[in-house]
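Going in written order, the chains are labelled A, B, C and D, and every chain counts its residues from 1.
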């Protein structure tokens, strides 16, 4: 599903945000990405959705080389990926419902179907009563859960979540993780960047650890046997 | 330092974000505020800095009734309080240095002194090398630490921190908490809203727990004897 | 396609309403740009009408020889009236010329009456049609002069020159100002739209990141730009109409005896249409350019 | 106080530079507003100059009786030249009048020469000073008519009326357009500044929350508004000057014989000053209002 081959990324001269990253992530896997603040987790996720282009190296996502796909194919690539951004990235001028279903609308899905789907995902994150609120009327954790709802509403083949439980209480965090597990079991590949060691330990999934831009540890895929 | 008397707050008709909150927080105390997502923690902090006015009830902060102080006294009140906002609230168009020292500048403190103080606090949060970066060039955790640095640069008498470690790795989180403890020992009253049960347990301080806008538990002040 | 159009228009309408304060600023600025443009055209059209009225009254005299006979007179009349430039021509006999002189200079009435021989020649008094150019007149003059029995073609050279110059000046000023007005209206409209859309960079960035395709991001913005431009120019033209009504009342009150032919006219429908179209077009172009310049540079698809 | 000023100006300069694309849009729009305003004033001043030049040439004739004697002529001359309204007066004797008639109408030269008695009266040809009003002229006319030996005061009523009307029309249009231009320039400048500052609501909210006092938030914004207005109007006036140079070249090329007295003049310094001041002032007011309207409503201190 995701293949990194010797990827380097840099924002300033001489300082590498990512250094020679190579890893494979198979379809249907559930992977945690961890590392200290500033280690490069968000940068890695940005490369996957082609928000940035790597300085060096190749990245394959869902069979496509994201550094070289034509511009007009990018929206389709991104629609196949659900992303929970670290800073939520909710549109302030739109309600929770509109934020969650915006992409469905551009796909021409009718209002009734959008309502149904939005209700379904908002209920899963416990926010069905905030459907018509604006993001600035929500608490931090509520905004984060809206971001989660938006990421999963389109049944993505790949789910990226950047610190999706940073503003949630432990019980809610567990619930969200269980939701991700459920989605994962339905076949979606899940990649979660998090600091929460407790969570990582409890879930017992593959863990990739970054440190200062380098991949220093990878517990390895637990699905290799299945796929080959 | 902080006194809440039967405070109610509401954003929508019939839905109370805070319900009959009363508590006292003494000078020099270190208090954790906890509760599920949407419980009202941020709302409580907003009331303290007069970002909002309570629907009902009285709030005294540092001897002043914040619901009734004159408008032109508000900036001074706020300058006496350092705040780490849940969403950081960094000014995008200003560098880390400018963000951290903006208030000092309006107080007429000269550049050399501002440089010194900024270096000091940025070093404490491990960001002395990012002094001239803009917020959007920082990772989530780095932004959060800039917010911490800005909150403590002016030696506030009261420090409010809303989920200040949500984007930090556990080691960094502990470091920030130790920094708060140090500041607290120097006499600053500290009020931290957090979900991190592990952290709360480890610090062994007073904990106020909110649930759906109600104060459901308060471990009580550990300083009563000292002050009276 | 229809689905896409509905999407774009609907999204545009929602967003126009949600940020109405901001959009009202934009509409207001565009309204004033179009108002100025429209007023300018209005004044231009009316000035032209006035000067044309003036020029209308340019006349010249064709003096005839004393020994001209009736058939020659008719020939000259034929030449004059046959010209496309001539609006009217009036024959003034020697006798009538004497009479008119006496009326114009009553002081000399007696002097004139005392004369043995009528010194005044017969003439045609010719009025030219509106908008006759100097060169055309000169051609006509040569033709008339070549007729037998024509002594002289007399006209007030100075007035002709001055009016000609004046009209050219107005026309020049019209083009000069007109082009400046059009350019600057479009410039300021697109600036205002850019500023309006600039406040929404973030929104566009997010839309892109969640996989909205170009057309679905651009569509509503462009429709919004067009709607703002349309609304602004409609309001601007309405303001011009209001100004026109005011001017009309003022003029009617002020100079009733002078004004019969000078009553201000409103912009012809074609101009109204052009202005509104120009407003919408600059809305369209403004949003297109600002999308390009601001809204898509930040997170490039490269 | 000085410290505060330095703070405000310095912060304004930094912010102007940091969001220069946005500010350039604002400066550009203001520049065009001031350019239009300035061009309008320029054209107005030059039109006035032209019409005054024309009116300058309004003359009237004072016809004298045939039996007037030298002392009476001098008395009339005294009356005419004593008037503040008269620029120049030229005496034309009976003999000269005959000569001039012969020159004007060469066809009648022989007829005129054959006359026994000179039928033309002596006269004064009087030019009025610039800007004489109709009423003033009428007064003067009555005074001159009351002199002994004056037969008639003759003038071309039509031309007088028309010029008068024309000048009033220009003046009216000037006021009408001028006030519209000023209003709409200020309106659009303040709109543009509002839009510019609107993009910085968040910044102001944050500044307030961290305890910056009102003056320290407003100061830089206001200085920024003033600087944008100043820069925009300076550029606008420069553009007007450029337009003036172009016009000058064009006019010089086009009509050398007509133009001696009609060479376009640039705005007087006082107008340049007024325009630049108006730009800065609208910058000041624009930022003040937008601060009030947008930037302080969100997190009110109440």
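We take it that contacts are C-beta pairs under 8 Å (C-beta built on N, C-alpha and C of every residue); 3 or more make two chains touch, one makes a residue touch a chain.
None of the values given here were measured: they were computed from a predicted structure.
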When each step joins two chains that touch, the fewest steps from subunit A to subunit B total 1
Subunit C and subunit D share contacts with none
In terms of CA centroids, furthest away from subunit C sits chain B
Distance between the CA centroids of subunit A and subunit D (whole Å) is 66
When centres are defined as mean Cα positions, the distance from subunit A to subunit C in whole Å is 62
Dist(centroid_CA(subunit B), centroid_CA(subunit D)) in Å evaluates to 62
In subunit D, the residues touching two or more other chains are none
Among line, ring, star, complete and other, the chain contact graph is ring
All chain pairs satisfying the touch rule are A-B, A-C, B-D, C-D
Contacts from subunit D onto subunit C in the complex sit at residues 21-22, 25-26, 28-29, 32-33, 35-36, 39, 43, 50, 54, 63, 105-108, 111-112, 114-115, 117, 119-121, 151-152, 161-162, 165-166, 169, 172-173, 176-177, 180-181, 184, 187-188, 191-192, 194-196, 198-199, 243, 247, 250, 255, 258, 294
As the complex stands, subunit C meets subunit A at residues 3, 7, 15, 18-19, 200, 202-203, 205-214, 216, 299, 301-302
Residue positions on subunit A within touch of subunit C in the complex are 49-51, 53, 71-72, 74-81, 83, 85, 89-93, 102-103, 105-106, 108, 150
Counting only contacts in the complex, subunit B reaches subunit A at residues 11, 34-38, 41-42, 86-87, 137-142, 144-145, 162-163, 166-173, 195, 197-198
